[in-house]
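This is the structure I want to talk about, given as C-alpha cells.
As written, the chains take the letters A, B, C and D, and residue 1 is the first residue of each chain.
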Amino acid sequence: MIWQLEFIILLLVVVCAFAALKVRDLLGAAVLFSIYSFLMCLLWAIMGAVDVAFTEASVGAGVSTVFFVAAVFRTTRRSRD
Amino acid sequence: MSAHYPIFLVVAPLMAALVIAIIARERPGLCPPLAAIALTASLWSAAGMLCRVLAEGPFSYHIGNWPPPMGIAYEVDHLNALVLVAMAAVALINLITTRQAVASDFTGREGYFYALYLLFCAGTFGILVTGDAFNLYVLLEITSISGYALVGLGHRDAALASLNYVFMGTIGASLYLLGVGYLYLITGTLNMADIFSILPRLFGSKVVVAAFVIAMTGLFMKMALFPLHGWLPNAYSEAASPVRSLIAPLTTKTMIYVMVRLGLYVFPPDFTFNHLLFAKVVVWVAAAGIVCASVLALSQTSLRRMLAYVLIAEVGYMVGGFWLGNRMAITGAILHIVNDAAMTLCVFLAVGSFTHQLRDDRFATLKGCFRRMPWTMVVLATAGLSMIGVPPTCGFFSKWYLIGGALTADHWGLVAALIFSSLVNAVLFFRVFEIAYYEPFADPHQEHRPALSYAEAPATMLAPMLFTAAGLVGLGLLTGRIVTHIIDAAIPAAIL
Amino acid sequence: MKRLGLLAVILFGALLVYGTTDFPDWGDPSSPAATHLSPYYIQHSLHDTAVPNIVTAVLADYRGYDTMFETAVIFTAGLACLFLLRVFITPKETEASGLYRHRATGITLRIGQGGRLPLGTREFERIDSQWVPYDLIIRTACSLVLPFIQLFALYVVAHGHHSPGGGFQGGVIFGAALILFAISHNLRTTLKAMPEKRTNILTGTGVLIYVGTGVLCLLLGGQFLDYAALAGLLGVDPVMARSHGILIVEIGVAIAVMAVMVSLYYNLASAGHMDEGL
Amino acid sequence: MTTAGYINLIIAKYNYWIYIVLMCIGLWAMIAKRNLIKKIIGMNILQTAIILFYVSIATKKGATLPILGHHDAGHFVDYATVINPLPHVLMLTAIVVSVATLGVALALAMKIYNRYDTLEEDEIHARVRES
C-alpha cells in the first residue's frame, strides 16, 4: 500500500462526488458517478477488499451507469440544479 | 417438524413468492390460493412457536448448523413470538379480505402483486425472528423494496409519494446499517446476544454512544416518529387500499419492535435508559409528536389522510411509553404493538371497503352510510372506539398501562399528551359517525354513474372484517393473560 | 428547507466526528473487529469447507442465509420494476405500429395504431424512433467480444472458490454482456434471443435453486442450508459437500442475478413497452 | 491535546474522515437537491460511503488478501497476517441492496416523469397543487 496514492484517490473520489452533483447535464452526472464508482473500486482493491472491488466494478461502474443512462434517455437530460 | 418452525415461518412465503412470480402471467387464478396457503403455514408456525415458548421458554435455531456468533441464529422468545402471531394473523386476514379489491385495483398484475405481498411478509417475519443485527438489515431492505413497489402503483400521485418513501426509507436503513457498523467496530461481532454480553465493558466509549444515537435515529425515521414522519401521510393515502391495510399495520409496528429489541436486548437497558440524556429527550419528542399529529389529523378532509395522522400519533404513544423505561410503561408499549396492529388493520379494512364500494372516502361521501353499509360501519365504529380507548376494546387497556407508566415516572407531559390525543380521537371519530348516521344519504356520483351499486360489501369481505372487529374486543378481554404470561416474561427482570 | 437540511447534515457530521475520535487506529491488527470473530473464519474456513477464498466461504456458508436474502432482494427489485413499469398491452399479430424502413431505398414509413405493413415484412425493417445508421465497427467489435465476456462470466462463477468472484459477480458480467448486445444491436433483436418470459422464469428459478438447496438439506435431516447434510446425496464427505453446496447456490445466484439485470434493463430502457431501447 | 496530537489523529484515521465527508455530501444532496435523479445519485453516494467505512474497518496494516493457498491447509494461520473477511461479505450484500434500490428508484422516477413531464421537485409540487 502506497499511502500517497490512496490519499490522491480519496481526494479524487470526493471531487467526483461533488462534480456529479453540481453538473447540470444529467448524462454528465451519470458518467461522473460512474467515474466515482470506479475510483471507489480502485480504493477498495488497494485496501485488499478484492471481492468488494470486483462487485463494485461490475455493478457500480458498469450496470448502474447503464441504468442511469437508460433512465436519463427515457426522461430528460436537463437539470436546474 | 416443530423444531424447524422458525425457518418454515420465513421460507414458506418466500418460496410461494418465487413460484407465484414464475406462474404469474400463465395462471393468475392460482396465485391467491397459493399465497393464502403460504401465509396460513406461517401463522401455524408462529402459533406453534408461541406455544413452545410458553411451555419451554426461549429457544434458538442455528441456520446452516453454525453456532452463533459464527453463523446466523434465529432467536425466539416471548417478545417476538407474541408479535409474530399478531403480524402473521394480520397478513393472512388482509390477504383474504382484499381479494376482490386486488382484482379491480391491479388488473393484469395480480400475480406480481401477490409475489410482492409475500416477499413483504417474509421480510417482516424475518425481522421479527432474527437474532443477527446485519441479517435484520437485509430483511429490512427486502420489506422496504417490496413496500416501495406496492405503494408506487396506487392513486394518482402514488409514484411521487413512493419515491419520497424510497429516499426517507433508504436514509433510515443506511443509518441503521452505519450504527451496526459502529457496533461491529467496537465489539467485533454481529450477533445480538453476543453484542449484549460485550457492551457493558464499553459503556464509556464514544463509539457506543454514536452507534446508539445513529441506529435509533434511523429506526425513528423508518417508523415515522413525529418530526421524521414526512413520508407516511402521502405514502399511506396514495397507496391502493389492499396495500394500505397491509403496510399500515406491519411497517411501523415492526420498526417499533426492532427499537424495543435494540433497546432491551442489544444495548443493556441500563445504558438505554439511564446512561444518556437521549431517553428523556425522546419522551418529550414523542409527547410533542402526539399533540402535533393529533392537531394535524383534525384538519384533514378525507378519512384515509386523517387516519394516517392518527397513526403517527400512535407511534408517539409506543415510543414515549418505551423510553419512559419503567415496567408498566414498557408493558403498555409492547401490548400496544399488538393492539395497534389489530386496530389499524380493522380501521383500514373498513376504509378499504368504503373505497371499494364508493370509490371515494371524503367525509362528504360518507353521508347515510350507517343505513347503506351497516356492517362495515359497525367495524369502523369498533375500531374507532378502540382507538379512542373505550373499554372493553383493546385500545383502552394498552392506553391504561401507558398512562399508568407515565404516572409512575411522574412524566406529566406524556400523560397530558395521551389524554389530549384520546380526546382528539373522540372528536375525529364521532364526527365521522355523525356524518354517517345523521346526514341523509346523497350520492354525489348519481348523475355520472347511476349504475354503481352502493350497498354493503360482499360477504367474503365482510366476514373477516367482522372477525377482526370481534378480535379487538377479544384482545381487550384477554389483556390480563397476555400481560402476565407473555409480556412479563418478555421484559428483563432488571427493569422495575 | 435547504437551511434546515444543511443544519441536519452538519449536526450529523459532528456526531460522526465525535464517534470517530474514539475509533481504533486505521489498520490496527489488535482492534476488536480484527480479534473477536474474524480469526475464527480465517483459521477454520479452509478446514470446515475446503474453500480457499474466505470471503466466498463466509458469504455462501457461514452467512449463507444473508446471501439467500440478498438474492431475494435483487429478485424483488426485478419484480418491482416489472410491476411498476411494464405496460401489459399485447398488440395483435397483424398490427404493426411504429417506424419502418424500406431496406432497398431507405425510405421510412410511419404506421399508426391499427395499421398494417404495405408489403411483406421481408422488405421492411422495424427501426427505433431515433434512428442511428448501421455501424459496422461497433456491431462487429461487440459481436467479437461478446463470447469472451460470457466465457469470462462463467469462469468467474466457477472459480469463485479459489479467486475473487462468485455467483453475483459472474451473473452481473453475464447480464452486462447481454445488455452490451442490446445496446450495440437493438432491443428487439435481444428480445428474440432472450425473451422476457425466459428472464422471468430464470429469475425465479435461480432463487429457487438457492432456497431449494436449503430445503433439501432440511429434508435430509440437517438444519436449513446445512450443506453437510448433502454428503450422502453427492457421495462425498461432509467437508467436500459444503464446498459443492456452495457451488450449487452460487450457480443459482448467478442465474437469478443475470436474469434480473437483463429484465431491469429491458424495463428501464423501453419504459415498460418492450419495443425500443437505447 | 497538542497540535501534534491532532495531526496524528487526522493522519491515523484519514480514511474515516473521508467517509464522513462523503456521507455528508450524499445526505445533503438527498435533502437539498431538487432534481430527482440528483437525489438518487446522492442516495448512492451515501450508500457507497457506508461501504467505504466497512471496508476501512476490515483493513490490517501489512496483511494479505483473504484468500488462502492450498499449502495453508492443515497449517495454523496467524490471523494478523490476513485481512478481516467479514466486512467484505457484509458489503457484497450492501452493494446488491444499493443496486436494487437504484433500480426501483429509477423506475419510480420514470413513472413520475411520465405523469408530470418534469424531474424538478418544485415544478412537480406546483403541478400537484394545480390538479
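What to note about this one:
Convention: a contact is a pair of C-beta atoms (placed from the backbone, for glycine too) under 8 Å apart; a residue touches a chain by one contact, two chains touch by 3 or more.
As the structure is a prediction and not an experimental result, all values here were calculated from the model.
The interface holding more C-beta pairs in contact, when C-D is weighed against A-C, is C-D. Centres computed as Cα averages put chain A at a distance of 19 Å from chain C. Centroids of chain A and chain B (each the mean of its C-alpha atoms) stand 37 Å apart. With each centre defined as the average position of its C-alpha atoms, the distance from chain B to chain C rounds to 32 Å.
Within chain A, residues 50-51, 55, 59, 63, 67, 70-71, 74 each touch two or more of the remaining chains.
Among all residues of chain B, those that touch two or more other chains are 134, 138, 141, 145, 148-149, 152, 159, 184-185, 190.
For chain C, the set of residues touching two or more other chains reads 16, 21, 23, 31, 33-35, 37-38, 41, 53, 55, 63, 66, 70, 73, 76-77, 80, 84, 164, 168, 264, 268, 271. In terms of inter-chain touching, the protein chains here follow a pattern that is not a line, ring, star or complete graph.
Touching pairs of chains, sorted by label, consist of A-C, A-D, B-C, B-D, C-D. Note for the complex: chain A touches chain D at residues 7, 10, 13-14, 17-18, 20-21, 26, 29-30, 33, 36-37, 40, 43-44, 47-52, 55-56, 59-60, 63-64, 67-68, 70-72, 74-76, 79-81.
If you check the complex, the residues on chain D that touch chain B are 23, 27, 30, 36, 39, 43, 46-47, 50, 53-54, 57, 86-87, 90, 93-94, 97, 100-101, 104-105, 107-109, 111-112, 115-116, 124, 128, 131. Note for the complex: chain B touches chain D at residues 134, 138, 141, 145, 148-149, 152, 156-157, 159-160, 162-163, 166-167, 170-171, 174, 177-178, 181, 184-185, 190.
Note for the complex: chain D touches chain C at residues 9, 12-17, 20, 23-24, 27-28, 31-32, 56-63, 66-70, 72-74, 76-77, 79-80, 82, 84-90, 92-93, 96-97, 99-101, 103-104, 106-108, 110-111, 114.
Within the complex, the chain D residues that touch chain A are 14-15, 18, 21-22, 25-26, 29, 33-35, 37-38, 41-42, 44-45, 48, 51-52, 55-56, 58-59, 63-67, 83, 87-88, 91-92, 95-96, 99, 102-103, 106, 109-110, 113, 118-120.
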